[in-house]
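Letters A, B, C and D name the chains as they come in the text, with residue numbers starting at 1 for each one.
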Amino acid sequence: MEPWRTGITTSDEKSIFIRGYDVTSLMQQATFTETIFLLHQGRLPAKEERALLDAILIGVSDHGPAAPSAAAARIVASGNRRSLEAAVAAGVLAMGDAHGGAALDCMQMICDGVAVARREGLSLQEAARRAVADARTEKRRLPGIGHRVHTEDPRTRVLFEMARARGVARDGVAFMQALQEAACDQIRALPINIDGALSAVLYDLGFLPSVGKLIFIIGRVAGVTAQVMEEHTREKPMRVRIPVIYDGPPPRDMK
Amino acid sequence: MEPWRTGITTSDEKSIFIRGYDVTSLMQQATFTETIFLLHQGRLPAKEERALLDAILIGVSDHGPAAPSAAAARIVASGNRRSLEAAVAAGVLAMGDAHGGAALDCMQMICDGVAVARREGLSLQEAARRAVADARTEKRRLPGIGHRVHTEDPRTRVLFEMARARGVARDGVAFMQALQEAACDQIRALPINIDGALSAVLYDLGFLPSVGKLIFIIGRVAGVTAQVMEEHTREKPMRVRIPVIYDGPPPRDMK
Amino acid sequence: MEPWRTGITTSDEKSIFIRGYDVTSLMQQATFTETIFLLHQGRLPAKEERALLDAILIGVSDHGPAAPSAAAARIVASGNRRSLEAAVAAGVLAMGDAHGGAALDCMQMICDGVAVARREGLSLQEAARRAVADARTEKRRLPGIGHRVHTEDPRTRVLFEMARARGVARDGVAFMQALQEAACDQIRALPINIDGALSAVLYDLGFLPSVGKLIFIIGRVAGVTAQVMEEHTREKPMRVRIPVIYDGPPPRDMK
Amino acid sequence: MEPWRTGITTSDEKSIFIRGYDVTSLMQQATFTETIFLLHQGRLPAKEERALLDAILIGVSDHGPAAPSAAAARIVASGNRRSLEAAVAAGVLAMGDAHGGAALDCMQMICDGVAVARREGLSLQEAARRAVADARTEKRRLPGIGHRVHTEDPRTRVLFEMARARGVARDGVAFMQALQEAACDQIRALPINIDGALSAVLYDLGFLPSVGKLIFIIGRVAGVTAQVMEEHTREKPMRVRIPVIYDGPPPRDMK
């Protein structure tokens, strides 16, 4: 069998190296968040970059037991008391396109928008107006804009302020704000939601679009594990009683 | 349906609170590691506690593509190119009793050993000797001791030094070291492995045994996500060719 | 890398053989249920055995959207619209000790009981009385007995009648009935539930205890896939609104 | 909370009904395969339809330990000895677009091709030629055609013969054969692979495209469970040693 190639981690009997750094040095001098950055980008972040990634991971870490990731994890924990990892994995599986996955679509849109602006010599404002117009023509929802509960997500404002104050905000933040303005002109006033805000900042931190989704997963796993522990320590097995209405065929006989 | 109770996170239209702290304050003033501690213990850690939890999360974050969690995630990523969360979840599922799960068993052993010492007025040394003797009588392996590759895991030494230097080491570290000495006397020289070291320190940080397993999962998810990205960006779909030998029944006819 | 050994399936450019049978012969002359039996036992079942395995797989195939396996699958499907396999996998993960897993415990109890009877020359009735007495002494629940809804599970009666009428019922069915009688004497009247009934019949069909759990999974996956499709075709994304009560710490400031 | 609607299964204290049929009647008079058909289509299949669905489920049930679904399940089983469901779920997760998922794409192509033919009054041959030409223009691979090992998949021939002999073959089989002929003219001789064959027959049996993927999962879960059992009964924990080559950065110091 062909050996598997990797540029991430290697080890011998005496040491483990992550992206070239001895893991014991990282343990003594780095934080977990810096290691997450290192694993995905191959370099340690500057202090300002670390602060932004911490803010993103904290911002998505938990949203209560009714979020699909937490609810799926709790129901699995309720039927499966001996396998904590099964419950956590079910929580990870709930993070699809409709829950947390908007970051992937949104980062892709930012990448495309910035690329179009560069290629065609447009301003980011012009590229954003075009993105909104295209979405309207094709009747697509714009990722990163709008929220079913918050009119303005408090996490968005904080992330953008931090990104500006620390000199991290660049094309990603600028494009998302231009997009919001263009949406305001062409559709209606819509807030930048947490997916949009973290996509903008992750783009400016140099992450690939797919990694946006993975960062959401890393952050939310922290909350899912806490939800699973609370289910195990406070609740009985098989406790969930979802009300059901049956509207299928009436009783019938087999021939 | 009965509402679900939670003491972890609550939100309204304007704010999200984790264990009572406004998430935007945490984003600006805390780190992700502090938030992980907060989610599981309900309080923010002291600076020294944070340093130890960071070291633990970093220490388990990745061990290369051949660890079961990474290998399972990569094989799923190889057959399933559109669902990153499916690959990460498969990695989580590989973290069972034989891979990463020793922390749970080891923390339980430490809890039991310390409890026995307190109840019966024994020293931790006496309790550890009894634990070794019991394991030998019942022909059980001692969790947290011994390693298939490293004679002394470099991460163990660093964790214990950090725990002592920062005043975090207490009964957990003391018990594991007593256990190693007792094993040395009764069995043979055996190193404390990474599961044993992180169990000792997590016990001293106040975590429940089940949470030991979950902390391992939180840390390793960081590495698994990087392994999945590397698979996607460097390798072709369905590339894995595991050599197989068939030793079942020869071809036969149905009657 | 060492080749992986297998005695199940082999293939070359022209053919695939399952346990020695050409898969195209199986496709033309066997049923899926016979193939499940073949995969797990290495031989094709007699007609009577096949009828019982069909009855078991049908009997566990679905129990509505509120069963943990279906509910977990639906919540994942609600957050993750693009990955059907993620939703099905979450359903599989919910099948733990408390949901469907009783079959594993129950088959193990039957194995142990029959082995004790043989070794010590007891009748199955005596072995069953001892199993009930032991469970009471150790304050353990008896697997396979009792049900939170049905006083007598209709599927139990049908499985046992079929097993007797087709000459499949042997020590497994006899032991479970002896256990029920012993429980009636020593505890109170308790029905044999579906886990108990299928455990008894699976034992008599020659399956190992762990396989009992896997047969439950194979059967229920059929229902979970139908639940996932219904979620996708009838419901909107992110539709689940579980009511939540927060009883954690009140808002507090970071120092 | 809004009750969940379902038209699949309902139960009261005395009975369980699947699509209106008492489950105990199904257990006595139906097969598991008929129940799978019933769960997904709301009616019991004719004898000929049942034979084809059995053949499909058998045809995909196992392909040895090196298929991604089996390999992922075995690696999880190797690290996680106590949770059979975790290993099976990992196997399910490997069934993505590149492994087993072609059925979904292929059924969608058949649906589209037949719809185009009807709408524009074309023959299926003309619609197939257009589908091949479009794929070439857009440099897309055609799903259901071509195979990396078999020049002609033996399962394809058997499925099509059975479908014709039993009067099940209709537009789906006709379209796939027209597609193969058009590909032969415009590209080169390419076999219809198992994904293409089962897609054609599943279409003719009245299944929706997404269900094609789910039928593959239901069938393959049978094989995955057998692979997991073989791993548990024949192999040691943590046995997999994948060879690795590291080509990342050399050791470096933290500043």
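Criterion: a contact is a pair of C-beta atoms (placed from the backbone, for glycine too) under 8 Å apart; a residue touches a chain by one contact, two chains touch by 3 or more.
Quick caveat: nothing in here was measured; it's all calculated off a predicted structure.
Contact tally for A-B versus B-C: the pair with more C-beta pairs in contact is A-B. In the Cα superposition of chain C onto chain D, the rotation angle, rounded to steps of 5, is 180 degrees. Between chain A and chain B the centroid-to-centroid distance comes to 23 Å (mean Cα coordinates, whole Å). Averaging Cα coordinates per chain places chain B and chain C 30 Å apart.
Shown for chain B are the residues that touch two or more other chains, namely 1-2, 4-10, 26, 30, 64-66, 80, 82-83, 85-86, 89-90, 93, 95-96, 241-244, 246. Residues of chain A touching chain C in their complex: 1, 64-66, 68-69, 71-72, 75-76, 78-83, 86-87, 89-90, 93-101, 148, 237-238, 240-244, 246.
Across the complex, chain A meets chain B through its residues 1-2, 4-11, 13-16, 18, 23-24, 26-28, 30-33, 35-36, 39-40, 53-55, 57-59, 61-66, 74, 83-86, 88-90, 92-93, 95-96, 149-151, 154-155, 157-159, 162, 208, 210-211, 213-214, 217-219, 221-223, 225-230, 232, 234, 241-243. Taken in their complex, chain C has these residues touching chain B: 1-10, 17, 19-22, 25-26, 29-30, 42, 44, 80, 82-83, 85-86, 89, 93, 242-254.
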